[in-house]
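What follows is a set of structures to go through.
Next come two complexes built around subunit A: one with subunit B, the other with subunit C.
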Partner chain A sequence: MGTIDRLLTRRLLAAYIAVILVIMYIPMVIVGLASISKSRFFLFPMKRTSSKWYEMTWDSLQVHESFLTSLTIAVCVALISVILAFFGALAYARYDWRGRKLFQQVLLIPIFFPQAVLGLALQLWFNSIGIQMSWQSTVFAQLVWIVPIVTLVIAIQAYGYDSAVEEAAYDLGASRWQIFRTITLPLLGPGIFAGFLFAVLLSWGNFPLAYFTSGADVTVPEWLYGKMIGGYTPMVPAVGLITVVLGGIILAVGLTINGMLQRRD
Partner chain B sequence: MTEAVIETRTEEPERPRSKLLPWKVSEGFVAALPIIILLFIGFIGPMALVLIYSFMPRGSFSIPGSPSLENYVDIVEQDFYISFAWSLFLAFISVVILLIVCYPLAVALRRIKGRRAHLLTLLIVAPLFVAENIRLQGWVLFFDKGGFLDGALKVVTGLETGSLVNNVPAIVFGICYIYLPFMLFPILLGLGNVPREAREAAYDLGGSRWRVFRDIELPLAMPGILIGSLLCFVISLGAFNEAKFLGKGVIVTVAQDIESAFTFGQNWPRGSALSVLMIVLAGSAVWLAMRRVNLDRMLGRR
Partner chain C sequence: MAAAPPILQLRNIVKSFGSLNAVDGVSLDIVEGELFTIVGPSGSGKTTLIRMLVGMDKPTAGDILLRGKRINDVPANKRPTCMVFQSLALFPHMSVGENVEYSAKCKGIGKKERRERAAECLKLSHLPQSYYDKPVTQCSGGERQRVALARALAFNPEILFFDEPLSAIDYRLRKTLEKELKDIQRETGKTFVYITHSLEEAMVMSDRIGVMREGKLSQVGSPATIYTQPENRFVTEFMGEVNSLPVQLADDGRLHCEKLDASFEPPAEMPPGFSRGVLIVRPENVAISDDPEPAAGGNLIRGELFNEYLLGSRIQYQVRSGAMVFLIEELRADAVARIPGAEVTLSWQPGDSMVFPE
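Entry: the complex of A and B
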């Protein structure tokens, strides 16, 4: 390959990445624009802008409640899934045991599974065994989907470290608890944190599972859906943009902490 | 040349086994147990229930009943195959488009080195964390009559696009947009299995770009491509929001049929039977392909 040829290829590929990046963020930009449009229906170019939809959003009790519900669910899901996934990842990547191959394959099924169908199946299940659905049942429903994902995230970290360190510590007379606390946990730390971040963000943005399993409680994506179907108001893009920004902040803070964790090693 | 490369890659040294504990076999099982229990209660149980319900008489709301096949007969007789055909078509076409879009993207990202590549990948994948319906709403406002595209075009050129939503291509676009990260990630992982030296050596030996792609890159990256395609196929088979927002009822997908059977239709057995058919369809595809892929190697076990 000639140098000019190579340079051209590189330029083209860079331009391609840029185009895809722009496309990925177009909807967010449009949602942002729609949220500051003064008129009730979004028309571009916009005649006037206004912040009244944000004021209405701020004053809405329903919106407050849905944010609180979503946040509670996200925190519960993330905490529980990190604990389950930590041990799951050890079983997935670290230990040799008889059922391991099967475990690895079965674990993927909920991730691959159409969420609307999983949500409806869980609804049927909760109804049949007589559980009153609320935000707690949504936590459970999301765990079924998120725990496997977090397990994979931590497993990737677990693949990367050398088990000889643990064996050396064992040979030197360290107890199981000591090994766990001073070697395993710190080595997997970045993976655990990344998994936690993933869990919070996935739960925060999840709609289908919450829609079918939350009973009378309403999460933010559910509130948005209700408004989209039942009558559009620019509060929809306003709330949408707030969730996008909040998600972005969680991600940015999380990545900074993650970067610090990685550098420490 | 190619054979030699592949051979050296497959010769993995036997991993030294952990000598930590005498009860090694059960150690992994104990660690996996909480998740196994979770999946039994939260996945296998509900799926078994769906399977049982699918054999119950029409409209039953409780389990004891004489089993019958009438729901499956209904599905065939009442033209539900149309929504199956639509879902299969949408899933298939989306996978093809995503492959064409994501492969060069993954190659481009692989060429970039260091932290910038991570950052760019992250930026492309980050929209995954925004609720699907917000992003789809954004596209509706973009493509609709009087929306961003229509309005901007009118100002610049005087032309109008009118409404570009509420049709099948819009739904396909929505599905491709939403599931792009699911195709990109596995392909990126797959391309990680292609050693730089192998490509360079092939070029040095006079291989054309096409030959290098066909004989070296593609076979080595295949597991990633396969997983990505499969993942996208299965999730877009369950597409639901895309057809609802960008299609506004021009077509009905299986997932929508299932939802209406469970909700407005109040016919749990029918919804269950539809779910079972979809699960069988998706499950057999996944199972067949997953047997050919070594997950340990994909994720980088040493």
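Entry: the complex of A and C
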């Protein structure tokens, strides 16, 4: 009785997991199929396949530019947010100071704000103070949303180690700078790295904030959106798939590096 | 010992948090080369006190003098003292060797010299040299204690402080480490200042003990003095389980206990001006007997035996008498078989009891 039950449970569990995976990944498969359809519009079942949309994507100046813009924004956002979030996380998790509770709550608000509303608010604000919008203003807009997330990621790491180690280093004669360099930074390292990765991926895939604040510059999600509403070609799913694959590669490389760092410890 | 000069002097140290004085006027001289233990229940201010002594916190009032020089405002990283933390605070991303060499590296001492010093300290704290490259995260609890000690010794501090580092260690290992610590202290001749809530730990290791209560030092003295001549009720009761009887001085000079409706002969030495307070007798000073008139005499009280515990070499009895429960201990070797529920007579010599005013 018991073994049959267990077998049944295991099969049901496997089926359940399979259903979840199918639901999660079927859209990706369809995007993949759509990008190799020979005809301009996606019909199922597909009659003939072609790689011409990938060739056109490769040759497109617009696509090149949007990739470059997205990448520039992502790297800038990740670098700035990691620096801000590092100190923010120390204030969040490490030091007791007046107003810390308030800071912890205020920090979370931008995450819960609908991004379209946040984007609109930033656009109105940029306009009213007379800032010419471009990819730089998008960097700022994305920072508003991403810095809190990266702060939380690093704060979790900061909570994860005994704060007495810094005091012990101080007691053993280390200067503030030596403590920072030899204790705090290495111990927060994995969190900083994870936060950086998070920031790159969130920025890379972000549409609403870029849509409202990038002015004439076009990011990859914006290019996709533009093509969707005016002039669809299978280049859209092709670019989409390339974006996903690039994101996956960044994640995989990141996780491998992280794994290697942790094994060394 | 008294001839040795004090290495550390505390002059009326106060530390306030808001309106609360966590440390409330502590004055103390610590002698060079001794192992001094500050013992007290949790919340007695001992950790607050030690944090000021190592320089993590500043006293609100009072002075700390190291070899006669005021060091109140010298930060921890500029003091020639060092502490072993309660959590040990080993650097988890470093090897045993890197942990031990940390202070030397901060000072900019060369690799070869660092390594030699580390080897010496590993040996002192009974760690094999092969542990040099072992990550601290792979060390057992006892090994981590030794690494923390080696790291502190490598700093070569004038005074080494300990903030209850052994509290999380199991009993048997703790006993071993306590003795080793005492040996290391003797071997290096360094001044150790140790903090613990366990009087047993303090008794085993210390040259002198300071008992702390509510931010104040209740009594300072050698373990033997603290045990045999406690100065107040708190120290007496903190020493271990005792029988405390609320008493008042009757007209006939005897001590009357209302709860038992009995009176007892007082010890020869009574606090001056005593009228009411507490009579304390240690369990090992109470004799238990089936005989209603024991030959030894002294203060007598009848009661009913209702519990018996075996504590290794000793046996503890609980005897109910009126509204009170007495604790009695005797050596197991001397004990006779007793039946729970039996009527027994308890007796003690007046000279073995202590009286403290309320």
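One rule holds for everything that comes next: the second predicted complex is superposed on the first by the 253 of 265 C-alpha atoms of A that agree within 3 Å, B and C clash if a C-alpha of one lies under 4 Å from a C-alpha of the other, contacts with A are read in each partner's own complex, and residues count from 1 in each chain.
Operating definition for what follows: a residue touches a chain if its C-beta (ideal position, glycine included) is under 8 Å from a C-beta of that chain, and two chains touch if they have at least 3 such contacts.
Keep in mind that this is a model prediction, so the values were computed, not measured.
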{"item": "Partner chain(s) touched by A:Ser175 [first = subunit B, second = subunit C, both, neither]", "value": "second"}
{"item": "Which partner reaches more residues of subunit A (counting touched residues only), subunit B or subunit C", "value": "B"}
{"item": "Which superposed partner A:Ala164 touches (first subunit B, second subunit C, both, neither)", "value": "both"}
{"item": "First (subunit B), second (subunit C), both or neither touched by A:Ile26", "value": "first"}
{"item": "Touched partner set for A:Asp59, first subunit B, second subunit C, both or neither", "value": "neither"}
{"item": "Contacts of A:Arg98 with subunit B and subunit C, given as first, second, both or neither", "value": "first"}
{"item": "Common interface positions of subunit A, toward subunit B and toward subunit C", "value": "164, 167, 170"}
{"item": "Residue ranges of subunit A in contact with subunit C within the complex", "value": "161-162, 164-165, 167-175, 178, 182-183, 186-187, 265"}
{"item": "Contact set on subunit A toward subunit B in their complex", "value": "1, 10, 13-14, 16-17, 20-21, 23-31, 33-34, 41-45, 83-85, 87-88, 90-100, 103-110, 112-118, 120-125, 128, 140-141, 143-144, 147-148, 151-152, 155-156, 159-160, 163-164, 166-167, 170, 201-202, 204-208, 220-221, 224-225, 228, 236-237, 240, 243-244, 247-248, 251, 255"}
{"item": "Complex contacts: residues of subunit C adjacent to subunit A", "value": "54-56, 75-78, 82-83, 85-87, 89-93, 102-103, 106-107, 135, 137, 151-152, 155"}
{"item": "Residue ranges of subunit B touching subunit A (in the complex, touch as defined)", "value": "16-20, 24-29, 31-36, 38-39, 42-43, 45-47, 49-50, 53, 63, 101, 104-105, 107-109, 111, 120, 122-124, 126-139, 141-142, 146-148, 150-152, 155, 177, 180, 203, 209, 230-231, 234-235, 237-238, 240-241, 245, 255, 258-259, 262, 268, 271-272, 275, 278-279, 282-283, 286, 290, 295-296, 299-302"}
